[in-house]
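Across the two complexes that follow, chain A remains constant while its partner is chain B and subsequently chain C.
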Partner chain A sequence: MTVSANELALELKTQALANARRNGSEGVVLDALEGASFPQRKSERWKYTSLQALADGHLNGVAAGDIAQPLPALSECVVSITNGALTGSTLPDGVSLHHESPEVNGLETPFALYNSAVARAVVLEVAANTRVAQPIHVQIQSASDAPAHCNPRVIVKLNTGAEATVIEHYHAEGQALTNAVTALITADNAKLTHYRLQGEHASTLHIGTLVIDQQGVSTVDSYQLMTGNRLRRNDVHALVNKSGAELNMKGIFVVRNKGHVDNQMCVEHAVPNCESDQNFKGLAGESGKAVFNGRIHIHPGASGTNAELSNKNLLLNAGAEINTKPELEIYNDDVKCAHGTTVGQLDAMQQFYLQSRGIAAAEAKRMLSLGFVNELLMALPHEKVAEWATPWLEAELTQASPAGADAA
Partner chain B sequence: MLEIRDLHASVADKPILKGLNLTVNPGEVHAIMGPNGSGKSTLANVLSGRDNYEITGGEALFEGNSLAEMEPEERAQAGLFLAFQYPVEIPGVSNMEFLKAALESVRGAQGKEEWDSVTLLRQARAACKQVNLDASFLKRGVNEGFSGGEKKRNEIMQMMLMEPKLALLDETDSGLDIDALQVVAKGVNSLRSPERGIVLVTHYQRLLDYIVPDFVHVLYNGQIIKSGGKELALELEQKGYGWLTGEEESA
Partner chain C sequence: MSQAELDKLIRSNYEAGFTTQVDTETLPPGLSEDVIRFLSAKKGEPEWMLEWRLDSYRKWQEMPSPSWAHLKHPPIDFNEVSYYSKPKSLDDAPKSLDEVDPELLATYEKLGIPLHEQEMLAGVAVDVVFDSSSVFTTFKEKLAEAGVIFCSISEAIKEHPELVKKYLGSVVPQGDNFYAALNSAVFSDGSFVYIPKGVRCPMELSTYFRINEANTGQFERTLIIADEGSYVSYLEGCTAPQRDENQLHAAVVELVALPGAEIKYSTVQNWYPGDENGKGGIYNFVTKRGVAHDNSKISWTQVETGSAITWKYPSVILRGDNSIGEFYSVALTRHMQQADTGTKMIHLGKNTKSTIISKGISASRSQNAYRGLVRISPRADNARNFTQCDSLLLGDQCGAHTFPYIESKNPTATIEHEATTSKVSDDQMFLCRQRGIDPEKAVSMIVNGFCKEVFKELPMEFAVEAGKLLEVSLEGAVG
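On to the complex of A and B.
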């Protein structure tokens, strides 16, 4: 059985409508989905990602399983979202939680629009001129023995002069599809440190969109750590929308065995004198497959833009695949836009050097792989996150377990 | 300890070593000299097991075991150490982390007691001090951003910690100023012992003023064409290699 774009569209619409009827918002749902272009292998955005896995019926079922291995808390302040629903929260002073979602700009994929139609948003709002010292650990966990999905939706809103750290952390088990939308909205003088950590089981699916909407002169530092699973699609859409705003994104993605990660980055500069910097590193081993499409769109009038993009990748063996490309669309002369993407292999001379000192070949490979991404690991500003990330990465680089070994 | 008999080796199918014989016993220091392109570095690389350096004939035995049958890491675990002519930079892997992995593996394989991290750090700092390397180099990436001299001293520092049975030094003197040369020589001399063999591959006699060898061999066109005592090195310094290579042709 194959999934065609039409079938998929129908499926998403049917599901969305069924949900919408319950709360009387059919019109909105239909409008949203009607305009979406549905993924086909022929379309550039979906060239490397097959949605074939959805033929198992993930969209028909609703994930409702228990989490067997819940995430450890990386902070005293935890917000838990289980199978798409809020299940607990401990918040620091100055942060409120509600469900009145502001409109989210920049959502494009039908999956994100579907999420918009059906999800109940968890909105974390940081009060103006409040500096929240304690990171907020948002645990987004899903589980289902049978193919099923859930729609977590997290909106982080920093009001004028607010400062906060949000750790967005995904975990999924069994055959869950996590269809996630996260939006980070920052007002003037806001400063947000954001983590997007993904440690989901290889058997699960993840289709997620992250929107960074810098409505004010603000700074957003985002760190994104990902491993591949059966299907992972990661759309990041950044809108750098006020002169003087600054966006830094750093990330590591690792795909081993049959893992798959498709990163579609899009940074839009619409106003003058903003800066964006992206530094991502990828590793692929066995028959893992990673995609990185780094689109930078500089609109007319966005003079003085400084946008940088680097994506270096390491192939650990011949069967692995990495497709990376910078995609620049620039309608302005007065901009700086340095970009570079590379795909390389482990350096034979470095490996020999380690082996000549008695280090076994496999261990030498592991050390070199870790060394390749070490600068990004070292850059993580929060100790608790680094403490989680280091063994996470070491485990990913040490052992290649058979694909789907985590499957229930 | 090291027994090389009629060794032939090729690099990318080009024969470089053409019937080389050499015996190194414990406690001996051998110097291998020769003009450029004679096969000196090839010998060091073949013995340490670098890829693309293929033994095509003869044998090289280390304590009775054929090196050709051993992976590079197994050679190191057996007690062979190569100080590289051009130590490679490995950004992202700290010197300390690297030493920890190397020493765990080698000491484990040799049945020596494991060093805990405190002992390791103490030993590493002491070794750094001996070769005039600031201890801060332990935290940096392996050879990352090191000057030529610092890289060579880092090699000697590693060698001191690894305590090899047989040390091969491949042109360790190249690119060193006289002060650095003395530091390196001091380090090597401190490792001289009745149980340890040392092979110095060098282009110039200069190093041998500081590390006095027991034997000097001249390598030319993939073979050792003359062997002698330390005085041979002085003779080479005066006369160059021409008289020897000419002598070989007329003999």
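On to the complex of A and C.
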């Protein structure tokens, strides 16, 4: 079924509103959803991502399937959210779980607003001056045989002086659409290490917003690893809101076989003397499509800001596509801002070298691709995560450059 | 068309109280098909040209005015613009330089512009008489010898209709964008250049040397065709500020580089930028694009210091294999100026190369944005792009922005993009001041250094003037 983008936008809005009303939403959130304009063909922020897949009716049904291949636990502390609802939790001392969601700033997409209107938030609050040694593994899983959606909403709140590691881990099967919102809120002297692992099945859809709201002088390190599926859209909105705060984001995206990944990053510096650093690497093979929009916005008062962004990409095959746009919007002269972007291919000389040593073309390509992202994989601070992520990405890379496909 | 027919046409279309206006040869503000018919008739254009204009007008009417640029301005009422006016009568213009704004003269002085040029730029009503041995005449003879056609576009429509018909709108189609469509409907005049096969144009062509036709007005249309294996360098504009009352400018420039040809197009744009409170100034909406065929090269160099609003993206469609596109730009904004400028490099052919160097300088309360697109199509094997866009901010109330779109669909392409933002560092200032250079001079030196990569692409005399121009523009902008 193909419908025009305009009709689809209208249809999605109708469905979202109906679902929200059925859910008993009212007040500000409903007003926001009602006022939101759903992406149309010419919406700038959705230029490279079509929502046509949603014409299958994902918003009409709610996912309720059983998870066939559940995620392995990467820690002793696990919080399970299945089809949008909390299904279990083992928490370390100093971390409490409740459902009283604080207000989340920086939500922009209509999907995030829809999530706000219907979701029951899972709030993980780390008590002041507590250092949680064990990572908290938040497993967000969904499954549905027919097109259906769910709205997981996770809020991680670090109070003053708290220190924690949170692994946000997605898994979906069948035809599920995961419409997720995650917010990380940090107070003074907090230190958060965050992982966002997205390896849902190729047939599933994911539309997610990640908000990083640094309300205090805090450090947030975020590692985002993702593979492509039928539709993956990540809106990441970081608000570096207190002088002295520091934000580091590193990420890898691999798309293959009609996979799609659209990353819309926006880092806003509103106060003086903050730092942000972003380093993302992308690989696109077969008919995969990757989008990376990295925006740094420096407000007039944010003097002394140091903001950097690097996005390097490899295009592995004909038919694959990479669209990248590193944006700078700067309203202050006393800043240091730089971004760099490249789109290229594997070095033919390096491949030749490996092949001359008797390594098959496909294997050589896989080794070099892995080498390309290795710098970021090596930087993952938790061994358990690295142990899980390396073979996962490796498998993905093997398929991204099939044997014999222009192995020049 | 006979005069009687012409009169009839004019009269028949202006029944609504229009005829009286015809005598004064200035149309009241407003745009309609009748205005276009009048304009075309006035210029004695053939029927096909009129049809082309009307077709553009119809397309324009259906188009929304673009709002995507990083610019803020009140909506433009296109019915308040007058689309045809007779060149300024000698009575209205200043009689001598004594009557010209002294500030303007001071600027000319600093730029070292000869007296008779000053008069021309300030619009002084003097008859510019060139003696028979003037540069101007010598130029014409030399060009004719080489077979180069260099004339106004109106003249070309009459004298070389086959070339105009073939190439006009071939690079920037009538309905390409809102302002290009408007230009296609109402363009007043502009330049036409044709360089025959294998000819290296014996001199740099410049609008200045078409002095007798210089008053081309606000909707300029330029068409340059470089036939196989030829070369031309074209200079547009002038480093001196131009007296101009028109608020809205919508120009279109089309370049066609046939196989093996090379076109170098340099612009210095210094229209009135408005005062420090953003009052007045030109709105400059320009569409510039070139098509590069096999083994050809198109190079754009621009120095943009004027206009209240600049909306301009000189682009190259690298259609042929091994073609090359270049874009070198310096954009300086001050007061309340807003610039949204950059380039598009569309790689279609194999082994195509493009280079983009953009330097943006923003001072006082201005906004300066670079907007660019690099697109590699699936069949552009081994395409190569390098982009560098640097911004320099002077003062804490200005803005510098970058919006580079990079789209690659070919695994053999290599694209690199770099951008930095900085201010004039305290260390640099300290060093200069320690050596007895006053702050203003120091800033202008540093800014000049920042722009060097672009200035070296300009023809020599132009580069010297451009440097001086920056110096003048920065005066008072540094606090």
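Heads up, the rule we're going with is that the second predicted complex is superposed on the first by the 372 of 408 C-alpha atoms of A that agree within 3 Å, B and C clash if a C-alpha of one lies under 4 Å from a C-alpha of the other, contacts with A are read in each partner's own complex, and residues count from 1 in each chain.
To be clear about the criterion, a residue touches a chain if its C-beta (ideal position, glycine included) is under 8 Å from a C-beta of that chain, and two chains touch if they have at least 3 such contacts.
Predicted model only: the values in this text are computed from it and were never measured.
Q: Under the superposition described at the top, does placing chain B and chain C together on chain A give a clash or a fit?
A: After superposition on chain A, chain B vs chain C: fit, no clash.
Q: Applying the document's definition of touch, where does A:Phe372 land relative to chain B and chain C: first, second, both, or neither?
A: The first partner, chain B, only.
Q: After superposition on the shared chain, which partner residues are touched by A:Pro326: those of chain B (first), chain C (second), both, or neither?
A: second
Q: Scan A:Glu363 for contacts with chain B and chain C and give back first, second, both or neither.
A: first
Q: Taking CA centres after the superposition, what's the angle at chain A between the directions to chain B and chain C, given in steps of 10 degrees?
A: Result: 80 degrees at the vertex chain A.
Q: Considering only touches as defined above, state whether A:Leu247 meets chain B (first), chain C (second), both or neither.
A: Touch status of A:Leu247: no partner.
Q: In the overlaid three-chain picture, which partner chain does A:Pro300 touch, first (chain B) or second (chain C), both, or neither?
A: A:Pro300 sits against chain C, while chain B stays out of touch.
Q: By the touch definition at the top of the document, which applies to A:Gly340: first (chain B), second (chain C), both, or neither?
A: A:Gly340 contacts chain C only, not chain B.
Q: With both structures placed on chain A, which of the two partners, chain B or chain C, ends up touching more residues of chain A?
A: If we count touched residues of chain A for both partners, the winner is C.
Q: Could you say whether A:Val385 touches chain B, chain C, both of them, or neither, answering first, second, both or neither?
A: Neither chain B nor chain C is touched by A:Val385.
Q: Is A:Ile167 touching the first partner chain B, the second partner chain C, both, or neither of them?
A: After superposing on A, A:Ile167 lies clear of both chain B and chain C.
Q: Quick one: smallest Cα-Cα gap between chain B and chain C in the superposed arrangement, Å?
A: Between chain B and chain C, the minimum C-alpha distance equals 14 Å.
Q: List the residues of chain A that touch chain B in one complex and chain C in the other.
A: In the superposed arrangement, which is not itself an observed complex, chain A uses no residue for both chain B and chain C.
Q: In the complex formed with chain A, which residues of chain B make contact?
A: Against chain A, chain B makes touches at 48-51, 71-73, 75-77, 81-82, 84, 87-88, 90-93, 97-98, 101-102, 105-106, 109, 141-142, 158, 162.
Q: Can you list the chain C residues touching chain A in their complex?
A: Chain C residues touching chain A: 68, 376, 378, 391, 393-423.
Q: Show which residues of chain A lie in contact with chain C when the two form their complex.
A: 44, 300, 303, 313, 315-345, 406
Q: For the complex, give me every residue of chain A touching chain B.
A: The touching residues are 347-350, 352-361, 363-364, 367-368, 370-375.
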